[in-house]
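Chain naming follows the written order as A, B and C, and within any one chain the residues start at number 1.
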Amino acid sequence: MTFTLRELAERVGGAVEGDGALVVARLMPLEEAGPSDLSFFANKKYRHAFEASRAGAVLVEPDEAVPSGRTVLRVKNAYLAFAKVATLFHPPAQAVPFAAEQAFIHPSAHVDPSAELMPFAFVGADAVVGPRCILYPGAYVGEGARLGADCVLWPNAVVRDRCRLGERVVLEPGCVVGSDGFGFAFDPEGEAGSGPRHYKVPQTGTVVVEDDVELGANTCVDRGTLGVTRIGRGVKIDNLVQVAHNVEIGPLSILVSQVGISGSSKLGAGVVAAGQVGVVGHVEIGAGAKLLAQSGVTNDVPAGEMVLGSPARSRGLALRIEATLSRLPELAKRVRELEKKLAELEAVPR
Amino acid sequence: MTFTLRELAERVGGAVEGDGALVVARLMPLEEAGPSDLSFFANKKYRHAFEASRAGAVLVEPDEAVPSGRTVLRVKNAYLAFAKVATLFHPPAQAVPFAAEQAFIHPSAHVDPSAELMPFAFVGADAVVGPRCILYPGAYVGEGARLGADCVLWPNAVVRDRCRLGERVVLEPGCVVGSDGFGFAFDPEGEAGSGPRHYKVPQTGTVVVEDDVELGANTCVDRGTLGVTRIGRGVKIDNLVQVAHNVEIGPLSILVSQVGISGSSKLGAGVVAAGQVGVVGHVEIGAGAKLLAQSGVTNDVPAGEMVLGSPARSRGLALRIEATLSRLPELAKRVRELEKKLAELEAVPR
Amino acid sequence: MTFTLRELAERVGGAVEGDGALVVARLMPLEEAGPSDLSFFANKKYRHAFEASRAGAVLVEPDEAVPSGRTVLRVKNAYLAFAKVATLFHPPAQAVPFAAEQAFIHPSAHVDPSAELMPFAFVGADAVVGPRCILYPGAYVGEGARLGADCVLWPNAVVRDRCRLGERVVLEPGCVVGSDGFGFAFDPEGEAGSGPRHYKVPQTGTVVVEDDVELGANTCVDRGTLGVTRIGRGVKIDNLVQVAHNVEIGPLSILVSQVGISGSSKLGAGVVAAGQVGVVGHVEIGAGAKLLAQSGVTNDVPAGEMVLGSPARSRGLALRIEATLSRLPELAKRVRELEKKLAELEAVPR
């Protein structure tokens, strides 16, 4: 599949500067692109690579200076345009209507005939698999679970009983939706005085995953204790993330790898939690808040706020603390010095 | 299934105040409960929700004030009573004696006829699966592994060769028991002088998981290098936790999501490690110690102690440091001010 | 299988002191070893256990004092020698040439006849499985993926489409190679003005895992957005680690459990990242750098440097800061004291 640069400009919006008839055969990174490749320049850190690139054409944003003689496609958002061009070159896989003999479909399940079920995929009793879903080997759809249209369950992805996925939901390999929430009540006596134990709280709720959500590899979303754990529309979650029981993640939020959200916390719309962030239970994170990497969030965060550190503080204060910390050993020395000088002054007879 | 409030009081202990004849059909959260639902009020943070609730009855603890006219069931521990009532309404799934044709059972394995093996479950050579165990699709029981009675392996849970589970052990989806410990000896020369390499230390030990343990989704417990990694009776471990080779977790300990315990460390009975805690190797954590969220534990922790921070310090000191840190930039300014004033004083001719 | 101590000395290098004719039947930890067992003493922390041990013989390093009458095998590196002896006693499992009827092999795949495919293993179209590979149940080799000789995919390990493993690569259970990178471009308008969305950036690259790599249980390695994510020769990665798209890990590096490396970062040769370390995207970590546990690396790290803390600083500075922090509340008190005294001094009429 090839496109001229002019065709691409029409498809993704933007203006060609230079050779619009260039036939683009591939998308490549700036460093590796050749004369018939298109590349993109979206992160200013890579200006040098842009200038040195042999790419036939490059997606650039309106304010970028371009060396003379270079062909570029000016677009409002180079990364978004790159994503759209890449989708033209690599359209997402389409389901091949098919159920492998080695798949298991419970007689009471309803699997749309346009879905694709590979060997060792499992669909339990009363489950529903919508049109054009793809279930890779080892994918598991539990009893009474429901998948909307165009969902993809990569190998060994699990949707436990009664949980629901909307449309176009993607679960990367090993992702688990609907595992039991972590709820135990300490019972100091135990059954018939048998001694202390942790009494399991039945996790009778479910998970609702709304449309256009993507959940990363080996990420876990626990079911509600009562009621639901909800992943809002268009949320994107990276690998190895933990979402505990009864959490609500607002639409379009982003959770980066290894984030953990504890039970019953609520994230508003468009929250971003960077890598390895932890959020305690029963707090509210306002819409558009940004939780910076490795933060430990112990309290509510107002909408739009950026927080940092463990415990998390407003970003401004956290950065001032960090800057002072680097000089802390020296500060301690200065205090000692002050004490010495002051003692000398005090010793002067007046 | 329904119960009168009076019946529930008899089953879980406690005293009805109000309408003991109320027929309870469901357990619901305070906010969503209606006139024929039972709810519970266990976290003081939710007093407002309790007061506003339309629940027919609520489980409350002895010291709680109750608005007049409300029906409550007074119990010693509302969360525990809730758990017990929820278990009456939702008894745990029972194994349906059955081995799917699409399951694999090695001829030398012993699977109790009361066990339930779903399609794509695997039981290796010489393995033992006890009475009433449930193996979901993709569950794997390796060569010579042994499961006691009433274990549940959710989809894609793995018990590698020779590891042993006690009775009533639950592995959530994707949980791995018995993966190789992370042991490599640096070999500066390599085989026949082929250059440096990390030489793998054979991980010949196993894992022993005692009775009533629950391990979370995608949690990993490595086998011992020599000897065993041991998860004590009644331990509950959340999702995405790492337990390294030769670790010992004392009975009734709690490990919250994304905790990591490094090799050969020993946790006493009833230790609680909150979310994202890390513990280095070869240390001892005394019984009942509490490791607060995101702590990095680099040394032994005495029994009963609470620690916090990275590196972890006693909670009291850590909280004092945190409080001072928030004023650190201001403290630095005050030291500059002191230096200035002192210089002025010193400059005064005496 | 048994060896005399003298035979072991020949096999692994080293000199017997004491009874070279001792027949060794097992390797055991110092505390559990008996008179016909060999043990090892490699961590000085365990000197007491060494002195109290009943082991028939112990591997010790050249400079260790040995109580008189004890039989030891002196070796340059006790842990490495232990690993080599353990390998003699427990040689790695060999593939039994076999493809289970219940495995799935696509007609266009090439599986070497010496490989072992257990039930529920899956090999997709055009995939290649090299000589003597072992695929455990639930192992998945996607379309066009290639495994070199002697690879082991433990249960439910996943190699997605077009990714490549070198020779002797081991994937522990649940490990995922080639999941989609986490790349989304924010699209403020959405399709036909349907509102904001995160537009998925097609992840069209792959993963290259070089020879002698071992990846831990439930570890995730994302494919490149364009180009590859590369895990260098001899790298060892522990459980639950996240390696994002387009990361490069230099040969012989070590990533301990729950580490996360963000997109496009490059680690040189022999880097060590300890448990729960996080590295931001687009940075370079020089060869031989050591990232200490729970560090948050936000910038390039020079070769050979040790860093610590979140944000990570050079180890020396970080340790000085930590030491001062423990005295921070007291330091604040001293500053208050100074202010008081200075005010008194200033009040003195001069």
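Methods note: a residue touches a chain if its C-beta (ideal position, glycine included) is under 8 Å from a C-beta of that chain, and two chains touch if they have at least 3 such contacts.
In this text, all values refer to a predicted model and were calculated from it rather than measured experimentally.
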| item | value |
| --- | --- |
| Touch-based graph of the chains, sorted into line, ring, star, complete or other | complete |
| Copy-to-copy rotation for chain A and chain B - C-alpha atoms, rounded to a multiple of 5° | 120 |
| Whole-Å gap between the CA centroids of chain A and chain C | 24 |
| Junction residues of chain A - those touching two or more other chains | 102, 120, 138, 156, 174, 218, 240, 258, 276, 310, 325, 328, 331, 335, 338, 342, 345, 350 |
| Partner chain A, residues of chain B touching it in the complex | 27-29, 32, 43, 45, 77, 79-80, 82-84, 86-87, 89-90, 92, 100, 102, 118-120, 136-138, 154-156, 170, 172-174, 212, 214, 216-218, 234, 236, 238-240, 252, 254, 256-258, 275-276, 293-294, 310, 322, 325-326, 328-329, 331-332, 335, 338-339, 342, 345-346, 350 |
| Chain A-facing residues of chain C, complex | 102, 104, 120, 122, 138, 140, 142, 156, 158, 160, 174, 176, 179-180, 182-187, 196-202, 204, 218, 220, 222, 226-227, 240, 242, 244, 258, 260, 262, 276, 278, 280, 282, 296, 298, 310-311, 313, 317, 320-321, 323-325, 327-328, 331, 334-335, 338, 341-342, 345, 348, 350 |
